[in-house]
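Please go over the structures that come below.
What follows is a pair of complexes built around chain A, which joins chain B in one and chain C in the other.
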Partner chain A sequence: MFQAIVSASTLRDALDSVSVLVDECKIRLNEDELAIRAVDPANVGMVDLTLDAAAFESYEADGGVIGVNLSRLEDIAGMANTGDLVHLELDEETRKLHIQIEGLSYTLALIDPDSIRQEPDIPDLDLPATIVVEGTHLDRGIKAADMVSDHIGLRVDEADETFHIEAEGDTDDVDLELGRDDLIDLSAGPADSLFSLDYLKDMNKAIPSDAEVTVELGEEFPVKLHYEFGEGMGHVTYMLAPRIQSD
Partner chain B sequence: MSDWTEKYRPRSLSAIRGNNKARDQFREWAESWDDHGDAIIVYGSPGVGKTSAAHALANDMGWETVELNASDQRTASVIERFAGRAAMNATLGGSSKGESGRQLIVLDEADNIHGNYDRGGARAITKLVKEAGQPMVLIANEFYEMSRGLRNACESIEFRDVSARSIVPVLRDICRQEGIEYQSEALQRIADANSGDLRGAVNDLQAAAEGRDEITEESVATSDRDRSVGIFEFLDQVLKEESAQQALYTSYDVDETPDDLTKWVEDNMLDVYEGEEIARAYEFLANADRWLGRVRASQDYSYWRYAGDNLAAGVAAARDGTKGGWTRYGRPQFWRSKDKTGDEVARRVAESSGVSMSIARRRIVPYLSVMTHHCKPRDLTVAMAAYYEFEEKHVAHVTGSGESTNKVQSIVEDAGELRGEAMEAHSGGAFAGTPSGGSDGDAEAAGGSDSADGVESTDDPDGTDSAAEAAEVDDSASESAADGGDADEADSDDGQSGLTDFF
Partner chain C sequence: MEFAAFTDRAASIEAEAADLEIVALLAEMFQMAGPDLPVVARFVQGRVFPAWQSATLDVGPRLCYDAISRAAGPNVTADDVERKLAETGEIGTVAASYEFGGQQGLAAFGSGETTELTVAEVDETLRSLAAAAGSGSQDRKVDTLFGLFNRCSPEEARYLARIVLSEMRIGVGEGAVRDAIAEAFEVPTENVERALQVSNDYGRVAGIARDEGVGGLDATGLEVGRPVQAMLAQAGTVTDALDEWDDAAVETKYDGARVQIHRKVDGDAEPASQSTDISVYSRNMEDVTDALPEIVDFVAESVDVPAILDGEVVAVDDAGDPLPFQEVLRRFRRKHDVARMREEVTLRLHAFDCLHADGDDLLEEPLATRHDRLSAVVDDEAAVSTLLRSADPDEIAVFEADALEAGHEGIMLKDPDSTYSPGNRGKHWLKRKPDVETLDLVVTGAEWGEGRRAQFLGTFLLSARDENGTFETLGKVATGITDEELATLTERLEPEIVAQEGREVEIRPSTVFEVGYEEIQRSPTYSSGYALRFPRFLSVREDKAPESADTLSRVERLAERQ
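Now for the complex of A and B:
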């Protein structure tokens, strides 16, 4: 049983953050929240999303799992104007999702959740450094790095208490230095890792520029990016494996 | 019922049947991967366990896998997006535990990267193989279908066909686990029918066992699996071993059109046949070619069968007895004319002489070649280049001199000047007043006619028939040039006056 009404913009924000990594995903319809966890086909990036029941105008669910084609669902959500409400209702018999937007009704065929790639168990990571940064700063660093290279370094300077977003190209280098004043919060620790810009660019697309992004970082460890959307009732965590250091 | 090939897919390399040597080599490659970092190509016939081996290996090594196979589109961008990302990054699971985060990238059917559908895919793979930071396995049926660059960049292991002796125990095992009674002869028969194809044998076993709890020899389907025959096997049968009838039947299983088959047979027949056989074989090949011509003319492809009869049964019948030994069959050499420069020369000659390209190619260009061999005499060559508006490569093509030589370049320069002069001479002073000066008109006209003289004077060096004809050709050429000039003059005369008229 699943029945929900949600504003189109909240739905779109949620879908966007997942669709940058995968084309299909499982949606868990828990009693008090909607949850998505997905790993990209190359097993490098992961997204973990929860949307509290409070983010919906109304929400009723009993813990089922559905599989959806994200690009389809995004297309449908794209038909709605920002203020519109989207009605979602699961038909258990036919395994189809009925979607209604301002008189437009769409029946979406679901995918068998068992056919969707299983997410691996990720152990809890205790990462030494935590940086809280504005979405715009992150965006600026990633854009700059993209000009010179296809990978990007994230580093914390413990002595100076600064956070660096840097990239080394074949000929040119860039380095965005963010000090305590630029950052919302910083707890310094040994942290220096290299990541694929492909992934960070995609993740960055989904991160609103006014969001507070919490970056958890280690040395040669995956990075975690947390942010909130939908008036603080949607939570997204991205996790990205480091790039293999070539010698 | 689930698919048995999936259900009984080996989970560990040690469970792979047949190919023990290849299996050990494969394991060694994986264990020493940290030292060499090379990709590996695993190749062999369908159904011998290549893909199974790759997944079993990953399982043994505790690696995760990413697979890209022919059901995905594999353009350069897709390969970079999936395999490329996987190859450059650690895995989430591994790196979170502080381990290496290795994963095996399995590229199935790597020899079937389609040229157009998978645009740029082959190159992207070669690039990826060289840069990958993760172990990569390329799986292929035909080793030599892959580009040389790719083959050289990888290690390779061949998986041979699995012998019937190794297939039978596998089938027996499955029967026991499924609780199915069996007759040994039945399993033997399935194994034999699937010569070398273990997966095919398991599929046949499942089909035979469907809805029964006992497999007898009678319940085993009697028909053999269709199998395409390679071109080399076909050539062996036609040119060496089989009867006309058998050769014809084999030709039905070859994945080539009669056009190509005819070329293959024709090109390789001479390496095998001798004396009278050759004459008889050519008779049949000529017949085949005639039928191919009819196909082309009428677009009625049912005639293909007669071409096939001739090229397979006919050529096989032309042979006396059977032949032995091994022959290195070659790919036919004349797929298509790739002589672009030659085509271009013929086109220019055809255009300015008002003849067809084939006439230009056969009746004019050869004479030009003889007359201007190695750019001698020079003034004739210049005149020719000017008349046909040849560039360096065209002059080089006709005369046989090197394209980059000073001789050819200076000829083309002179020809350009000559053309310019001729244009002014024939323009009736329309360009007078330009810096080069129309006042020289007369002198230049003289120059122009000189060149025409030059053309005619070339009969002298070679007093042969060809020269005579060449002279004709050139005569008409220079005439037409003259005509052209007249026409120009006429044009400029009627209605429009030249500026000089008012000076």
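Now for the complex of A and C:
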């Protein structure tokens, strides 16, 4: 069984962070949290999301799993104003999700969870560098990189204790240097990896500009991006595999 | 089977010129395909789905270029891919020219191992593309395809790109696959051919030939709900007919769209007319059920046993007189405004053959018997074609005059003893039209116009298929096209342009023109060895796919006969 009331903005933030990678996902309705884990069709980017029971106005669940079409659910959530509350209730008999927003009722047909791509195992990575940066800085670096290239380098200069967001185009180059003063925290280590902007741009879209983003980085290793939403009760971790640096 | 093993063999087949060798190589590949045999038998023809299924990958060239450019990176764009394609003229060559694999997968860093691509995995992934629909689905399709290309070696990428765009081009036609199935599993070609005709699924027939042998092939029957290819007619005269047969079965030739109607009967529905499990297919086996609600209603009312009917849907005016073919096409394949168009264009069914009735497959029965079963199954005489049996040329001439008088296209002459052979344009059915023959040819190229017509494609290069499915050019048509038609044609063909050089463009085979002409001449100018004299554009054959356009052998026959 599942019955919950949540603010529309918290629900939208949660859905947006997943829908940048997949169209359909499984939602685990655990007793103490709602959890989603999904990997994109090319197995390059992953999202791991939890939303604590405390993030809801009320939350009751007993560990079931449902499959949903995310764009459909986002459309429905989009019908609510920011302050509205969304009521969610699972009908176990019909396997449909009843959604109520300010007098609007919507019955959403669910997808068989077994028909959705299996959730990935999270690679257990011990990454040597950790950078904590404001979402707005990250956004600026990604936008600049996008002007010249379809790839982006993330690098830590251990000696200077700086974090670099850089991109090399066919003719033009971009480098955003962030020093200790610009960063919330930096634990320097050998870190230099190249990533596809296609993915990073999408992930960046979901990250609120006022969020603190914890970036964990290594050399030619996946990057982990962690941030919180819903007054600290929603947690998202993205993981993105690197591209091989050709030269 | 690993995908690399498949592409290795596809490459050897492509390099081979001799037909017998190609069949031998194919047979060998089928023998080693194991559980992937059905998929392999489709892949060699650039197919993911069997011919009878309406499903397509729904992947346009541009989406494929996007995926390739992303896998090729860094800083390769879809436009770069298109430019390369314009230079090389073939997507496989372009895909094979890149070094893929720059993007690593998460699995490489976790417990999961990166494995080689398999034929089964490629098939499953491509099928998931067809299933994807919705607002984000285009992006997801690019992601999915990118993921596949990213794991490809150059050789694998070459054939993956071709399968995705259904342009396999390794010199393997349907006949070669049929012969290879027979050779690989030591079964007679005729039995394979028959099973293919009734099932329309090379993958399935290959599996049956291997696992169940001749017995299994012969037990393969029609299935109500799974379309088969329509039997076709060639042009002929009353003299041709009466020379060959004792008497002829003569019918009106309707100027409409060919349909195959599959009537299932749900055992629980009482009366049977309450069951509406009815599908209507075009002659390309496309599902057109939703566009033709009154035909569905009619069949629900007047047929109450499981049946497969062959017939023609004709547009009629208020007096019930036939309207030109173009009127039917306003209804065919329509997805929107069906109800409104139903008000504007009235359709009527003329059923003329019955392939299955109440549990009995009738393909092997003579035409006369099939027509009797048809009359018994359809509870409305007006919808069943009138069949005149006659050996008297004068009587047939009167029948023909009446048909033309009533506004129909001409007459059909059929051998009353002939069986129904799906997909065959045999000499058992003859169509007699009073006017000269036309050809249905595929547009494979064009030229941008000049002056006032500079923004339109003006001159169209026409091709006919040879038996391997390769398109051979046959002439250019530029007359008979109005300015309005030029604009529509340009809009339609521009997205299909695969390469451009100066004003000349190459066009992906997608559109079929009906073309009139004065004469077919031998000519070294075009790759077919023939040229059309005074070709003129008549219409776009909306109901025909490039695969069912006229063949080179028909062109040859027409050339001989003139």
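In the analysis below, the second predicted complex is superposed on the first by the 245 of 247 C-alpha atoms of A that agree within 3 Å, B and C clash if a C-alpha of one lies under 4 Å from a C-alpha of the other, contacts with A are read in each partner's own complex, and residues count from 1 in each chain.
Everything below uses one rule, namely that a contact is a pair of C-beta atoms (placed from the backbone, for glycine too) under 8 Å apart; a residue touches a chain by one contact, two chains touch by 3 or more.
As the structure is a computational prediction, the values presented were derived from the model and not from experiment.
Clashing of chain B with chain C is the outcome of superposition onto chain A. Of the two partner chains, both chain B and chain C are touched by A:P242. By the touch criterion defined above, A:V22 lies against chain C but remains apart from chain B after alignment on the C-alpha atoms of chain A. Residue contacts after overlaying the shared chain place A:V44 against chain B and chain C alike. Shared-chain residue A:L186: touches no atom of chain B or chain C. Comparing chain B with chain C, the partner in contact with more residues of chain A is C.
Contacts of A:G169 after superposition on the shared chain: chain C is touched, whereas chain B is not. Comparing 310-318, 382-390 or 418-426 from chain C against chain B in the aligned model shows that the clashing stretch is 418-426. Judged by the document's definition of touching, chain A residues 39-46, 120-123, 125, 151, 196, 198, 221-222, 239, 241-244, 246 lie at the interface with chain B and also at the interface with chain C. If you check the complex, the residues on chain B that touch chain A are 64, 66, 81-83, 85-86, 88-98, 101, 103, 133-134.
For chain A in complex with chain B, the residues that touch the partner chain are 39-46, 120-123, 125, 151, 195-196, 198-199, 220-222, 239-244, 246. Here chain A touches chain C in the complex through residues 19, 22-23, 39-46, 69-72, 120-125, 149-151, 168-170, 194, 196, 198, 221-222, 239, 241-244, 246, going by the rule given at the top.
Residue ranges on chain C touching chain A, taken from their complex, read 70, 73-75, 77, 101-112, 125, 128, 132, 134-137, 140, 143-144, 146-147, 150.
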